[in-house]
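Please find the structures below.
Here chain A shows up in two complexes: once beside chain B, once beside chain C.
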Partner chain A sequence: MKYFLKKLTGKLIEGTLFLSSTVTTLTIILIVFFLFREGLSLFKHSPIEDGFVVAINSQNTVKKITSPQIMDIFDQEITNWEMVGGKNDSIILFRIDNITDYYTEEQMGDTLQHIPKLLSRLVDSIPGIVAFIPASYAGADFKGRILELDNISLRKFLTDKEWYPTAQPAAQMGVLALISGTLWVSLGAILLALPLGLATAIYMAEIANEKTRRVLKPLIELLAGIPSVVYGFFGLVIIVPLIQQVFDLPVGETGLAGSIILAIMALPTIITISEDALRTTPRAMKEASLALGANKWQTISRVTVPYAASGISAAAILGMGRAIGETMAVLMVTGNAAVMPHTLLEPVRTIPATIAAELGEATQGGLHFKALFALGCILFIITMMVNLTVEYISAKRKYSKR
Partner chain B sequence: MEWPKNTERNKNLRQVIAFTSFKLLSYAVVMILFLILAQIIYKGISVISWEFLTAMPEDGMTKGGIFPAIVGTFYLVLGSMVFAFPIGVLSAIYINEYTKDSFYKRFIKLMTNSLAGIPSIVFGLFGMTLFVNTLGFGDSILAGSLTLGLLTLPVVIRTTEEALKSVDDSFRHGGYALGATKLQTIRRVVLPIAFPNIITGLILSIGRVSGETAPILFTVAAYFLPKLPTGIFDQVMALPYHLYVISTSGTNVAESQPIAYGTALVLIMIVLLVNIAANTLRRYLGKKVKMN
Partner chain C sequence: MKTRIYIVALLFTATIITAAFAPAALILKIKGSDTVLPLSQKLAETYMKINTEAKITVMGGGSGVGIAAFLDGTTDIAMSSRKIKMSEKMKLQDAGKAYKETIIAYDALSVIVNPNNKVKQLTREQLEGIFTGKITNWKDVGGEDEKIVAYSRESSSGTYEFFKESVLANKNYGSAILMMPATGAIVQSVSQTKGAIGYIGFAYLEKTVHAMKVSYDKGATYIEPTIANAKNGTYPVVRPLYYYVLNKDAAKVKPFLDYILSADGQKVVGEVGYITVK
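And now, the complex of A and B:
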């Protein structure tokens, strides 16, 4: 009996341990599920916010219209139906707020019950009208024609440059500017951090004596421990004004400021992983090189570094991955302009910064909200690819060493 | 002048140049760290006072203290650790002690590493949909702690695993040889030896959690809330979010800059203290274990 009880407890504990080990996997599955459920639903949706329609006169010959065209129409950049393939007739804009220009409160009724009828009559009487109205007002006996817009497509989402997620009536969801902003800033960061990080790693692994190393190591760890928001604050009060002065810019919040801060933040990752990789070089290899008459530097540059090359590239990729996903520091120093970057001396906006800055204002479940989740999906996919690449490289290293 | 090729002098000159520049670059990295620390300590130290640490923020956060943010961060750290410590440690024990070099072990490791690489803002999105909306916790300490807990879980698992791995197998064999079961060996032999390293890892992850901002943006953090939380379903202010708010979008960014420096210094102090505590503890407990 006692033996049985002991065995049962053992099994129970093992079961608990096993369950704990599944939590990380479970979390990833849940993240994928929630992120993609919300993000992908964006592509089943027209760019017009739920509950609203764009209606035109039933005689209007325009068949199809794209969402950038709708935006240009309401921004009064397109003023004639001819420009979107219709008859030569000037466009008359109508938003629901304009109703008081056409009808008195009396006509609308005490409880506004007459509005649908009035709208129907209005749209029917003005040939050039385009009306952005709540869908509930355009019922079965509505005499105008409701414009059908294509759903937001994944291709458009990834290749359009216009990011006006809250534009009325049709939101512009193009994330190319955000993606390229993210890549520019991260690439800049890695270009700055890699030489510095690699030099430090080589110094720590091969050149410095044990005592220096024991001082440097915890300092590098400390650099990794500083919260990203503190880096962002430091960038905001020191680096941003500095860049503004040095390059004589109107604003210092630029992609370069983001790159510099991200480079500092990526340093510990790059240094630690490269140093570990350099240390795996077999002693016999180094000694063989020294025995051939090479000095220490020749051994480092021709034996140790080439041997650790794959580990160093893993470090660079991982550092880049960290930079791509970093949110707060970048949000604070890059200026957040959602336009295509041409140089690093302009304000840029990255994907994580966009999510952090806009999610608070987006209505839950609305188009904007979904678009931000779709951005989250892109971020998830990019970082997942980075992780898998690094895993692949390190697995290969292990295998080739056997 | 043409350098003679491959002579002893040329070779050594190159070595001297290379080594010196690497040394200088390494010191440059350290200088960056000191520059950041110096700037924040220099400007922040004059702001820090007992009152600053224990008073409520006032006048649109341009005056007063940061007490509610400190308390909020404390609760969030506590909450996330209550969640992440046990699961992380148990998970690491399972991975290191129970699984052989199997497919499952590699799979779990891959998942843990992947989770560690997911950006913190994605955790924020996830925490918002799962904890705040789907499970209906609302913006609360509970939702924020769980999100932060999931974020630190891979760190806890990794450090614990490293600690367990560093325990020599001869200890385990010794345990079995004395007739102990696997469980007894783990509890009485392996864990006590690995304990200093486990606890160091755990303490270091506290530093990590206290500075995270993106995951709490949409799960718990309040912009301005001059009162203390009464339960786990309350919103709180938190130090990192407070620093972000007053340095970018506060009512008066210029006027609240001293407060921002003070907040940054408090955050840095937490990280420094946590680092020092972890290292001291590792040394102290390490000695004790060796003596036994």
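And now, the complex of A and C:
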């Protein structure tokens, strides 16, 4: 009986453990599935929001128009049909809210029932018009011609540099500037944090005495507990003006400010993990090195650090992971201008900051919403690639050691 | 000691009984614009202090969110920092819902620059040039040879939309414009950057930045951004803040709306930093 009970308890615990790991894995798979389902649905979509159309006069000779051209037309950069391959005629913009400029409330009818007829007449009477109107107003007897735009393609999404997700009528979804912004800031952060973090870790693991270590360690771990908003505010008030003065820039909100803040935030991770890795070096190996006549520094650089290499690269990757995904602190200090960065001393916009800043007002299921999910997919792919690289490198190291 | 406990218990039960048998309390839900949110919260608070039986919940989320909830019937009042759009009007029309629009206050935007900037006034056309990225140096608008650093709010903000409509004539912001997550961050950045320019609500003005005069008549008159000028209609960058109510809920909402438009309610409007209706 007792034996049976023991066996049952064992089975139960085993079952619970199995269940928890299954649930965790399933959750992760579900999140990834949801992310990609929402994100990929962007690519079957026209850049015009659902339920709206862009219409022109039926006599207009323009056949094909691109979405950036539509944006330039509505920004009044393109003011003549000749510039997009049509006749020499100036472009007249019409948004549905302009209808009150042409017709009175009475003409629209008290339940607005006459609007479709009025719009049809208006588009038919002005040869140079381009009208951005709800699709429900352009029914079967609509006299204008509806412009068809190409769907958003993956290639355009990844290579275009213009990010105007809320531009009306045609949204511009080019994420190249955002991707390079994210990579610039993260790369800068890791270049700053890795040498500093590694040096601190070596000092704490090998050189510092027990007393110093006992003070330093909790202090460094405290850094990890500060909320990122506090880092962001600190960055905006202290680091941003400092960068502006030191480099004599017109603006201090730059990629570098983001990198510095992220480097500070990644330090605790890098230091703690690499210090632990350095400490796992067997005493016998270090003593053997010292016995062979190597001094302390030679022992550290030739024995301890190479032995801990896989742990250190894991630390670097986890730090990088934090840098790539960090939102709030970066949102506050990098300026968030969606332009292609050429140096770290220019404002940049990162992917996480974009998602955080814009998701609030994006209509659920709308074009903008889907674009933000597609950005999430890109972020996921970047971090996954970084993780795989590390996996690969550390696996190779271990293999060659044997 | 014991009697005291009895008294407390008695009072407690009495409260519960009165609460249970009290006439149906006024329960209102308000949802929408984040610009109107602080004002609505303050108004609801003061109103509930006077009318203890009333219960008002205020939620943010943006003007669009409020009007969408209004369409679904999940809120009694939609607060909005912009006029209802033609497309939204259409949807209400299709659903056969008649509504009423009330202006509860005005909000004015001021264009701010660093106090050290020599340029103290700009026309709407110049502002449009700066924020669409056509004008990039202060010397083009009568200042020193200094790069212009323009700060805007993020696209999720109602202020962003209003500035785009009113100042940029519906054109898109230039891509090099810096986007800040909060109004406070714009004030901070403008105060520490020499070539900076930004826009904020009147309620957020501070001494560390300089509020510019603007002209909407191509430079004939420049108007100072003061509450008085906004009230008498000479200052141009002013927007009304709206409450939208369905006609079928009008009777239910009336006491609260009356309170807002009363002298007491408008006093609260002024205290929060907005411009009163009258």
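Assorted remarks:
To be clear about the criterion, the second predicted complex is superposed on the first by the 337 of 402 C-alpha atoms of A that agree within 3 Å, B and C clash if a C-alpha of one lies under 4 Å from a C-alpha of the other, contacts with A are read in each partner's own complex, and residues count from 1 in each chain.
Heads up, the rule we're going with is that contacts are C-beta pairs under 8 Å (C-beta built on N, C-alpha and C of every residue); 3 or more make two chains touch, one makes a residue touch a chain.
Keep in mind that this is a model prediction, so the values were computed, not measured.
In the superposed model, A:M332 makes contact with both chain B and chain C. In the superposition on chain A, A:I207 makes contact with chain B only, while chain C stays out of contact range.
By the touch criterion defined above, A:V237 reaches both chain B and chain C.
In the overlay built on the shared chain, the residue A:T166 is in contact with chain C alone; chain B does not reach it. With both structures placed on the common chain, the touch criterion links A:Q76 to chain C but leaves chain B unconnected.
Of the two partner chains placed by the overlay, neither chain B nor chain C lies in contact with A:E148.
A count of residues in chain A touched by chain B and by chain C gives the higher number to B. Shared-chain residue A:D50: touches no atom of chain B or chain C. Comparing the two interfaces of chain A, the one with chain B and the one with chain C have residues 236-237, 331-332, 356, 359-360 in common.
Residue ranges of chain A in contact with chain C, taken from their complex: 51-52, 71, 74-76, 95-97, 99, 111-112, 134, 136, 162-167, 177, 236-237, 240-241, 244, 250-253, 331-332, 335-339, 347, 349, 356-363.
Interface residues of chain A facing chain B in the complex, by the touch rule stated above, are 6, 9-10, 13-14, 16-18, 20-25, 27-28, 30-31, 34-35, 38, 195-197, 199-200, 202-204, 207-208, 216, 218-223, 225-234, 236-238, 264, 267, 271, 295-298, 300-301, 318, 321, 324-328, 331-332, 352, 355-356, 359-360, 364, 372-373, 376, 379-380, 383-384, 386-388, 391.
The residues of chain B lying in touch with chain A in their complex are 11-12, 14-15, 18-19, 21-23, 25-26, 28-30, 32-33, 36, 39-40, 86-88, 90-91, 93-95, 98, 107-108, 110-115, 117-126, 128-130, 133-134, 150, 153-154, 157, 181-183, 204, 207-208, 210-214, 217-218, 240-241, 243-244, 247-248, 257, 260, 264, 267-268, 271-272, 274-275, 279. Considering their complex, residues 61-62, 64-65, 68, 85-87, 89-90, 93, 132, 146-147, 149, 154-157, 170-172, 175-181, 185, 188-189, 192-196 of chain C touch chain A.
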